[in-house]
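One chain, chain A, links the two complexes that follow: it is found with chain B in the first and with chain C in the second.
Our next item is the complex of A and B:
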């Protein structure tokens, strides 16, 4: 039967038309990712402030953890072992915690094919310590030795948890020495979309403020290759737009959906709404330089005025828990035994009366770009009003808020609201030290609180944490107890991370140690 | 009394203008009498009521409640205050600065005119909202800073308008005679020129009030204008934006308030222009 004869039959023609129509309909209903292109489309708010892995200290971590690798990855809280090997396969430390030896992975290469070796590790750490955005994490590092191509020995000036530091989300990437040399010669080297990483993806294209396309690196050392060879990422700062893009099928996954949309998405059978602990903690600094806030009793009274349940419910839209100080749950050295303030307004009023405080007026500043703060700060104002304290609320951009607080502490705000998180997963060396340790010039210690006993506890704990974590924890707990009783800050709530995951995909779980990152190599069709 | 009211008859010249006049009266009345008109005045002023969050429109809360449990109708009534304040303040200050500079430029001419007009043109070369955005970025967010930013971008329009009118009046014989007779410049400017530019000034002010409300709302919407817990319509639209699919009433009713206020001011601005401009009235 010739072709012409076959299609001239009405029945065959009908079958052909129906089949074509069915095929067309079927092709429309097949998810984009299953069309063989291996493209996973993402919408995120993560902006790129730099592509330089040494300078990186912001939201570009979202991409960096796919392009670059540290020596180790730190696993989420509760998972053993604590670390997964990345570019190092084994590591040991001396008893005193001052010497750390890392064995490097055989066969790992940078994206230009050159090997990842001890010289690259030394060059990366030296560069990060010298000029890195998070270079301070290498403060304990005295020297890096390279006895062989696959061995790195780190000598420290004081004991420090180098496994933790080497798995930091900032400042710990191993970078191709050729890229380090190139950027030293030309500071715009990375702007053309080049990278010096060894991770499972490379940068394929970047349009500033608009999109990033990542392509799988075929020679990556992992035996389990990514399901998606291309990750097509749209930078969408607006959460509700990102949500629309996901629900309309424009993208497969959106990472910045507003908390206020979670109730609706929970009802949608296509998505799972998953809650994780995050390292984000909301705290308010009292200006302890100014009377009557220099009186701990007054600070305690103000702490008792707050309705923490409402602040968490409104600020975090129910996705959060009242904080126990400034160390978020799930991050070392969190201690569940540290007490919390609870609302006791009658008692608070009595305490203020006894302290001789009348008609107290305080000025609260918060970052106007933070929608959670904008939601819960009015509750603080109302809580203070309930005990006779008048609050003036000022929402300003964070940079302005921070600059004003550092410029003239004696005349700065009375209460500074901030969202804080540790640079790497050690809130002892970061949150406890950065937020409340004495210093001559304020940086993040914006309560301007000075307490020698507290300083000693934290300093001693930091020294001990590299060799005796349990002993360090005890000292940290004493320091956190002191923060509770002295109340230089208002400890508001730990924010939860809420991920909306399309059920047709399996997406790696959120890792509290890499709060801004998504690991695309593990994305699979369910 | 009858004569005075008859002077305002243009505000009721047709159905549309009458509706706009009524709406504007409601808007001004809401701004002045907010504490008495709002069903929940404390919530209108910003007090939170967490137990009542996200209640939809109903008998108890006619327009529903917001994310802090505040009655939305009360918030919208209180929101008329900053809207009216910023509209009057921006237009008022811009008109004073612009008129003063326009009069000087138009009357004196020469290099003073050149300098004032080139500076005005420099400001006018930027879109008004963009200039305000830049200004408020430097000054920092807040109602007062938004107000200053809008004045910065608004005054050149008045300077240019008044300068044109002033230069026309200046060449009139009675002004030239006054100058020849030795009447001081300030007297000529106030008695002859200012009086003759009052009509276009009033028309421009009326036309601008609505636009300023919209501009101030835009700044608040992007977080650079009024800040929480202020009852500001633009801010309320922004706060409800992420909730538009579920708690639609927050953005919808706040946006409607802006829409109606701007519309009524614009219609009345048109009516004023028709009334004062004999050429348009003849048409």
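Our next item is the complex of A and C:
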């Protein structure tokens, strides 16, 4: 008897048939479930580091702006009026900019039905100033008074643009006092997905690191009710996977599609690829503590080595523009008159020679999880090589990169590449102050640069910005000129926000003032 | 009994070593776990306050012994990125991973061994060569790459299978699965929710195929080699000479004697799949331990990394122990060694 007989045995045949049947069942591509009615499905990379609206200071802003509301929303640059009313319907400031009065919206309620009143505003601002992740935005705030249920008076210790601060994406939400009390008693109160907001949506379910489901709040004050009663959001860190989910129809919209896929998606008739200005800006800090990088001429020479056009084209895949310093276009106090470095390698070489620099070796670090940095940092290395500077490039997780830079500045990296954005739409208070203002211990000033004249310009501008914005802008512009001439950093490019919108839907435009947010109440079928 | 005791004590040693090494490495790399907890724009003061709250300001040996004590009492700490208890995160995600491993391993064992046997039968012929190429490709192709290829072809271009996820998102609104055991496909079967079963199996095909590729290749090569070796033994020739049926010779004598090494490799492959899911779950956005592990590594979420390492180490040890028991059942001489 041959072995063939063994293989044609009933048992073997049974195994084969069962296996084939299993595969066949599994591969059935017939639709097995109906489409969830009124459900808008989204894939995003936005992680939730906390559900606490007071502590929130990261990518959970994507969800927060649908659940919570500030007093005002700031409209994108160029749109008038500058602000849209949210929980405040009108507001005024005193001439000296030190007293601000907000009238609250009648009929606004938190998700448990309790009213949004002046006591809630006071409790929220006090809590944010005291323990908030972005509590520093309330630095000018001296006291909050509540003369009536619908009136809040803010008294400041120095003039500040309180309309701008009250519309911040972090630290400015009005939170239900009951939730504030609950989290004071139990610090983990929010973490299972509870909320204390008044926004158009409330958290219906949350699976940590996996999904968030938002349900429309029926008693929201807006007369225009959301078209979608449920927003089902899958947290998908990988951009390619998010893209696959959208193009295969598993979700209606993906927010984190890689820039490298845009060319392909532009050809797809189902989608519109829309570009907006964003608050994201790429900068490189020179380590100004170490020779020869403590010499501004050397830093200028290195700035002239770069091919900014290629860096924007490769890093931003063409979606970006060369930066004018560290204030991104579209964000106050951006100044289009600030000059930019351009590639002049012969001149750069001469400058290095004159500065007596020979065989310079520098170490560049960048955040390995940032694909744009991974693309453009090799170009910086090549540019430096072209003027005789050898660069060692190290891609590490941002958390590690930052920890190493803060630990021992004298022995840290020579060039630190970072993607930065302002906490709220004032890059004077944030970018100009945080990135280059002197500090005793480095936090975000990782060039370790200290310049008393620069510090004074920025400090004075901050104090003036609440009462005389034009005068503040002048000081900021002088500070930005100083950054250009002193070159403590490499000013690379402003990243554009690229949204891929399915033509089937009408999705609210990207708002540069809320960079991580999507406003689902405005989503409609086209 | 003594052998059993030896196995258990060496397992305990391995667990201690694995936890200590992971714990130390997580602490010595330049990173600030407090930042992972409160986000990249937190202030220096917030970061310093949190370091004290999390006990990160204490010496590493103190932190380690605290960790061991708390772990033994069921407190595996809180994930820095999800803020949920690590043990709860693992319990929530484990069923999805175990179901994936079950289907991947079932596929690898059934088809891998069958292909190996088939190749042995047609040794040196075209079928043998084709199976060898497929097996080598399965062993050598990185899972994340194979996953992307399968995803692009079968989900993107042909749209035969869903690209990602464990179920269609609409399923939870239209045919929600009642939780009984926590294993979703199994639960859908026992609760009679067959729409969910079919949907779950449909979603399972690509991730399971990707995950099974390595084990499939290994098992088919192993089965072929072992069978050929056994079939060339004298006792097989004697059995044939005695006129025993080919089916009896093949299945009762040859295959049974070729099985022990295959079972060992099956066990080791299953253990390998625990870490294999890291890549596969990431590619297919599978809500299991693997994607949790990758995200934890990327955010230096050390309590989660510790928890997953401990789980993987326990998984390896348990599987190896089971393999030893099966091996001993098939070949009692194992206990004598």
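The rule is short, and it goes like this: the second predicted complex is superposed on the first by the 490 of 526 C-alpha atoms of A that agree within 3 Å, B and C clash if a C-alpha of one lies under 4 Å from a C-alpha of the other, contacts with A are read in each partner's own complex, and residues count from 1 in each chain.
Quick note on the criterion: a residue touches a chain if its C-beta (ideal position, glycine included) is under 8 Å from a C-beta of that chain, and two chains touch if they have at least 3 such contacts.
Since the structure is predicted, the reported quantities are computational estimates derived from the model, not experimental observations.
Engineer: After superposition on the shared chain, which partner residues are touched by A:232: those of chain B (first), chain C (second), both, or neither?
Structural biologist: In the superposition, A:232 contacts chain C only.
Engineer: Is A:208 touching anything from chain B or chain C once the two structures are fitted on A? First, second, both or neither.
Structural biologist: Only chain C is touched by A:208; chain B is not.
Engineer: Output check: A:41 vs chain B and chain C. Expected answer is one of first, second, both, neither. What do you get?
Structural biologist: The answer is second: A:41 touches chain C but not chain B.
Engineer: Which of the two partners, first being chain B and second being chain C, lies in contact with A:85: first, second, both, or neither?
Structural biologist: neither
Engineer: State whether A:369 touches chain B only (first), chain C only (second), both chains, or neither.
Structural biologist: Both partners, chain B and chain C.
Engineer: Determine, under the contact definition given at the top, whether A:240 touches first (chain B), second (chain C), both, or neither.
Structural biologist: Both: A:240 reaches chain B and chain C.
Engineer: Mind working out whether A:313 is in touch with chain B, chain C, both or neither, as first, second, both or neither?
Structural biologist: In the superposed model, A:313 contacts chain B only, not chain C.
Engineer: Who does A:55 touch here: chain B (first), chain C (second), both, or neither?
Structural biologist: second
Engineer: So, A:263: does it touch chain B (first), chain C (second), both, or neither?
Structural biologist: Touch partner of A:263: chain B, not chain C.
Engineer: With both structures superposed, pick whichever of chain B and chain C touches the larger number of chain A residues.
Structural biologist: C
Engineer: Considering only the contact definition stated at the top, list the common interface residues of chain A for chain B and chain C.
Structural biologist: 240, 369, 397, 400
Engineer: Show which residues of chain A lie in contact with chain C when the two form their complex.
Structural biologist: 1-7, 9, 15-16, 19, 22-23, 25-29, 32-37, 39, 41, 47-50, 55, 57-59, 133-136, 170, 188, 191, 207-210, 230, 232, 234, 236-238, 240-241, 244-245, 247-248, 250-251, 369, 397-400, 402-404, 407, 423, 441, 443
Engineer: Note which residues of chain A are touching chain B in the complex, please.
Structural biologist: It is residues 239-240, 258, 260-261, 263-264, 307, 310, 313-314, 368-369, 371, 374-375, 377-379, 381-382, 393-397, 400 of chain A that touch chain B.
Engineer: Tell me, which parts of chain B touch chain A in their complex?
Structural biologist: Going through chain B, the ones touching chain A are 46-48, 50, 53, 67-68, 140-142, 223, 227-229, 239, 241-246.
Engineer: Hey, which residues of chain C end up touching chain A in the complex?
Structural biologist: Within the complex, chain C touches chain A at residues 29-32, 35-44, 46, 79, 81-84, 89, 92, 110-111, 114, 118, 121, 148, 151-152, 155-156, 159-165, 168-175, 195, 198-199, 201-202, 204-205, 245-247, 250-251, 282-285, 287, 291-292, 295, 298-300.
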